[in-house]
C-alpha cells in the first residue's frame, strides 16, 4: 500500500532454548510512517528489542519469526533473500544499540567501521567514504573527526562511541532508524545530549525513527507516538500526549506512576509495579499483566484482550474497555 | 614500540639470568656427577682428578658457576660430558634445525586445518560438520602421541611398507612425524577456535556489523575471525616453542636426530652441560616466542598497548 | 583461501604417499647393508667407548694384527707371520708390506706402536684397556707409573712388531684382533678427529664416509684394505634405532636388512624362518648379591628359587639357563668347557629346585622367608620384565624384593653406590678362555678408586681362596692344569653364591634372505667383511 | 515443516474476544488476589551453579562423560578389590591369553589379569590426572588472579616468575623430584602438579585483566569488599568458564605426561602399572598380542574423550553469557 514506511502484522517470534520454547513476541502489529518518531516502551524482556531484531532478521538461528506481513518501503521483508535484506540493512534501515562499549568492533578503527557501510552500500571509493565519514562525525558532534577516524573504540568515551554508532547508523541516510535503548548505558548528562542529537538528526534528515526504551522520560521528550509492550504483546498505542495524560491501560498507568516527576518539582512518590513479568516459556492464557494488575477481573485470566480503539490513534488492549463493562457501569 | 621491545628484552635477560642460576644450582643439587670416581672405576684417581680439573669440576660450586657464566657470556656453553667430542653449541646446531623444520611444518598444518575446522564447527553449531570436527579434535587429544606414532608406523611401515621408518632429508621422511606432531595442535586449535568463534558470535559488534548490512563473509572473516583468533595467537607462543624444540617420543620412534632426543637423552644420561645448555636455549626460545606472540597480539588487538 | 591451502596440502601429502609407495623397493646396483645398531653410544671411537655397539662398528672399520675369519675364528690379518719365544712371552709379528691406510698412505709397524701408545696414554683415559694389560708394563704406563720405553710393544723396523707379554698367554692371538693401529698424526691435538670422516682414518674392510649424530654411521668399502678384492659389500650403514619395536618395523619395511636387537615380537615372528639366526655368545647373565646384606643361605635359596627355563620362555629370549658362570662357547680341548665341567662336577652347579630353596631357608631359620627383610633389587629400566618375574619367583619361597629401576646411563652409578641388595648384571667375555668370565670376581676388581676394598662386595675368606686360585693360572702354561684350576674356582664361587647365574647368552639376529655371509662371532660382534648380497 | 509447528505452538482459541458480547457478568468481577498468581508458575530462583547443573544435565555428551568417569572411578576403587586376581599375581599357565570369560581383557606376558591391572592403573592415572588438574587450577587461578587483579609491578614480577619457571623444561623438575623422592606416585604427582599451573595462571590473569574494570567489580569495590573478596567472589567466578576449559585440557595433559614418563622409562615402579606403563608395555608386542596395547590405550583415550565432553559441557553450562 505504501502508506506506512514499515508495517508489521501479527508478528510472532519464538526462541528455542534448553528449557523449551520461549514466546518472546506474541502477535504484534506495528507501523511507522515516514519521518515519524515512534517510541516503544516496556520493561526489559517484554519483546520490544526482539520484535525489531525479528523485523531485521538479526536473530540467531534458534529464533523463529512468523508474521502476516512485514512490509518496509513497499517490500515484503519476509520474501527477501538474505542478500537483499543486507542491501536494506545499514542503508535504508540504520540501527543503534544499547551498549556503545561493546557495539563497536574493538579491533578496527572508527574510520574503518564507519566507512564500511558507505563503501558497501553507496559504492563509494575509499577517499570519498573517508570524506563522508568525517562529515558524519562532524554531524554527530565529534570534534577533530579526522583524528578520530584513526582511533580505536577503546580510545573513546561511551558518549563518543554512541555518537559514532549514530554516525554509522545514519551515514547512508536511512529511511528508518531503529534505536534500541541508545541511552541506557550512558550517564544522565550524556543521555540528554544523545537524545538531543537524535532529535536534531531526525529534523535534519527527516528519518523515521523507532526508539526502544524502558525510560518514559526519554519517550516524553522526543516521540510523537508510543507503543507500550508487555509480555510479548502490545498493551497500548497512543500519541505521547494521550499516553501521558489519558492512559487507557492499567499497565501504562503503573508505568507512569513508577516514574519520578519530570523534574518539574512535583514530589510524587515513585510507585513500583508489584510482581514480576510473566514467564514467556509458558505465557498466561489471558492478559499477561493480569497477575500484577490492580484492576484485574476474572476474564483477564481467561482470555487476552485485543487492542481496542480508545480515541483518535489511541488503542489499548484491556478488558476494562469492553463494551459490556461500559454497559454495566452505565446500568449502575 | 621499540622501547617496548627493549624493555621486554631486558626483562627477558633478567629472567634468563634467574633461569640459568636456578638450573645451574638445581643441576648441582643432583647427587653423583660427571666423571665422579664411581663412574670411572677403571681409572686411576689421579687421572680422574686430572679430567675433572680439565672440566673445571674440581673447583667449588660458586666458582664453577662464575666460570660457566663467564663462558656463557661469550656464547660458549661448554662441552658435553658424555658426548665428549661435541660442544653443546654444536649439538644445538645439529638438532635445532631439524626439530625446527618439523615443528614449523606441523604448526602451519595445524593452523591450516585447525582454524577452518574450528570456524566451520562454530558457524554450523550442532550440525554434522560440528560433530565431525569436534570428534576429530577430541580424538586428536585423546590418544597418546607414542600410541598414534606406533599405530601409524604399524600401518604404513610394517603392514604396507609405504613409508620409511627412519631417515632424514626427504619429504617422505617427514610425513609420519609431522602427522603425529600436528594432531594434537590441530585438535587444540580447532577447539580453541570453535569456542572463541562462538564467544565472538554473541558479541554486540557482530550484531552491529550485521545491522550495517555487511556481507556474511565479511562478518565472519573481518569481524568474527580476527577477534576469535586472539586466543589462538596466545596459544601459539608456547606451541611454537614446544613444537620447534622437538618431541622426544616422535623423534625417538622415527629416529629423527632432533633437539627433543638430545634433551631427553641428556636428562636420562645426566649430561649436565647439555641439560644446562638446552635448558638455556629452550628458555631463551620460549621467551622469544612469547615476546613475538605479544607483539603479534598487539598488532591484532589495538587495545593492547606497548606498555609495561 | 585457507580451505584451498588445506586441500592443496592434503593432496600434496597423498601424492607424496603414493610416490613413496611406488618407489619402495630399491633397485640399487650397489650392495648396501643397513644394520640397526641399537642406541647410539655417546662417543664413537675405539678409545673413549667400550660399548659393544661401538666395538661392532670398530671391528668393521679397523683390522688388527689378527682378525675373526668367516668361520668366527681368529687368524692372521695385517700380520702375515709371527714367531713366539720359547717361554711364550715374546711375540714377533711381521706386518704386511703392502699394508695401507684407508686414505692410501702406507701403514707400517710404527703405526701399531703409535696406536698402542696413544691408546694407553694416561691423559687419553681410554675406556677399555683390559685386553691390552697382557702386554708387559702396559697397565703401569696407563697408570702413569713407567715410561713408554719400558712397555713391551715396539716396532723394531717398518715391518716388524715385537710384543712382550706380562705372563704367557695361550689365547694371545685372539686378543691381537683388538690391537689396531691409529693414524696418530690426525689425532694428536685434535679431539674432534672422530667426528670427521677426513680424520677418521682406518684400516679395516670399510672406511668412514659420513657421520650423522643420532642417526647413523656410514661406511663404504675400503679399497686399500689388504683383502679388498674379497669384500663384496659396497656400503655398510650402522643405523641407530633406539626402540626394538621400531627396529622390527624397519626390518619388515626393508629400511634395514640386518636386525640385531630383536624384540619379543620379532623373535616370535621370525623364529621359524630362515632369516632368523642364532649364535652362541660367551656371555652370562647373573644377579650380584650384596654379600654384606644377604647371607649365604639366602643367596643359595635365591639361586634354587629361580626357574630359569620359565624365565627364558616368559621373556621370549633364545638364551640357555645358566648352569654355572662359564658359558657355552668357551672350549676345553675342543669341547664345550661347560659340558666338560658339568660332567666332572657331576651335574650342573646351579639348578632350579623350589623345595630345596625352601629347605635351605627353613634350616637357616627363615621358614617361608619369615624374618627376612624386603631386599632392594636394582635394574635398568629396560630390564623390568625380568625383574618382575624374578620378584615373583623369589616370592614363591618367601623372599620379598622391591624393584628400583634406573635409566641405563645412571644404573652403573647407582650400582657403584652399593646401596642395594641385589643388582642385575651380566658380562660377555672377549676371548675363548674361561678366565674371560671368571676374572670378574678376582679381588682387584673389588677395589675402590682410593685403593680400599669395596666393603659390600664379595671379599670373604672364600673370595680370597678364589683369588689365589685365579692368580695361580696366570703363569701356568699347562692348559689342562689351568682349566682344572678354573673349574675349581668356579665351584668355589658357586658354593658361596655371591652372584646368582641366570642365563647363558645367545645372540639372535635377523638377516634378509638375499644377504649371505654375515658373521656373528662368539663375543657378539657382527662382521660384514664376508657378506654378500645375492639378488634372486 | 514439523520444526515450524514445533516452534510455534498453536495458541488455543480464546473463549472470548473483545467482539464477544455474551461474556458472563461474573467474569467482570475483580480477580481475587489469591487467583492472581495462580496462573504464574514462579520458577524457583536458581543460583549460578544450580543453573549450570541444570544445563549440564541436558547435555547428553557431558552426561555420558560424567557417567563414564564415575564408572572408571568405581572401577578404580572397587575393580581391584572385587577382582579374583591381584595386579601383581603371575600365573605362568595363562600367559598372553586373549580376552576370555576368566580374563576379560586377557593376560600379559606373566599371566597377570589385564582387567585387574587396568583397573589398578585407573587408580594411578585418574589420581594423577584429577589431582594434578585440581591443584593446577587452584594454584594457577589464585596466582593468575592475584597478578591480574593487582596489576602493575606485582603483575610484572609475578608473571616474570612464571616465565622463568615455565621456561624450565618439566622433565627436569620431574627427574629432580624423582631423584629425591623415588620413582613413585607421590613424586610423579608432585612433579606434574608443579609443572602445569603456568598456563592456568597466565590465562586467569588475562581473564581477570579483561573483566576487572567491569561494573560488577567496581560495584563490589564500592560496596566495601576487600580485594581478595572481590577476586574470589566476583572476578574468579566470572572467569571460571575458560579456566575450566583449560583444566579439561590439563587432566589429559597430566595423564599423558605420566604416560610419557612411562614411555621414556622413568614412570612408576614395577610391578605397579599406570595406563601409560601398560600401553607402553603393550606397544612392544603390538603385532602379536594387540589387545595388550588396545585395552590400556582405550582406557586412556575413552577417559580423555569423557573428560573432554565434560569440559565442553561445563564450559557451555558455566558460561553465564549464554543465559537468556
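Order of writing sets the chain letters: A, B, C and D. Residues in each chain are counted from 1.
Everything that follows uses one rule, which is that a residue touches a chain if its C-beta (ideal position, glycine included) is under 8 Å from a C-beta of that chain, and two chains touch if they have at least 3 such contacts.
Please read these numbers as outputs of a predicted model, since none were measured by experiment.
Two chain pairs are in question, B-D and C-D; the one with more C-beta pairs in contact is B-D. The geometric centre of chain B is 25 Å away from that of chain D, both derived from CA atoms.
If each chain is reduced to the centroid of its CA atoms, chain A and chain C end up 89 Å from each other.
One inter-chain figure worth recording: chain C and chain D are separated by 51 Å, centre to centre, where each centre is the mean of the chain's CA atoms. Note: centroid distance chain A to chain D, computed from Cα atoms, is 43 Å.
Looking at chain C, one finds that residues 245, 248, 407 touch two or more other chains.
The set of chain B residues touching two or more other chains comprises 150, 154, 158, 252, 268. Contact annotation for chain pairs lists A-B, A-D, B-C, B-D, C-D, with touch applied as defined. Touching chain C in their complex are the following residues of chain B: 32, 36-48, 50-51, 80, 82-86, 91, 94-95, 109, 112-113, 115-116, 150, 153-154, 157-158, 160-168, 171-172, 175, 252-255, 257-258, 261-262, 268-270.
The touching residues of chain D, when paired with chain B in their complex, are 156, 160, 163-164, 166-169, 171-172, 175-176, 179, 199, 206, 245, 249, 252, 256, 259-260, 263-266, 276, 279-280, 283, 286-287, 293, 297, 300-302, 304-305, 308-309, 312, 315, 321-322. Of all residues in chain A, only 12, 14-18, 21, 23, 26, 64, 66, 275-276, 278-279, 282, 284-286, 290-293, 295-306, 308, 319, 321-325, 328 touch chain D in the complex they form. Every residue of chain D that touches chain A in the complex is listed here, in rising order: 4, 6-9, 11-12, 14-19, 21, 23, 25-31, 35-43, 55, 58, 324.
Every residue of chain C that touches chain D in the complex is listed here, in rising order: 244-245, 248, 263-265, 268-269, 310, 314-316, 381-382, 384-385, 387-389, 391-392, 403-405, 407.
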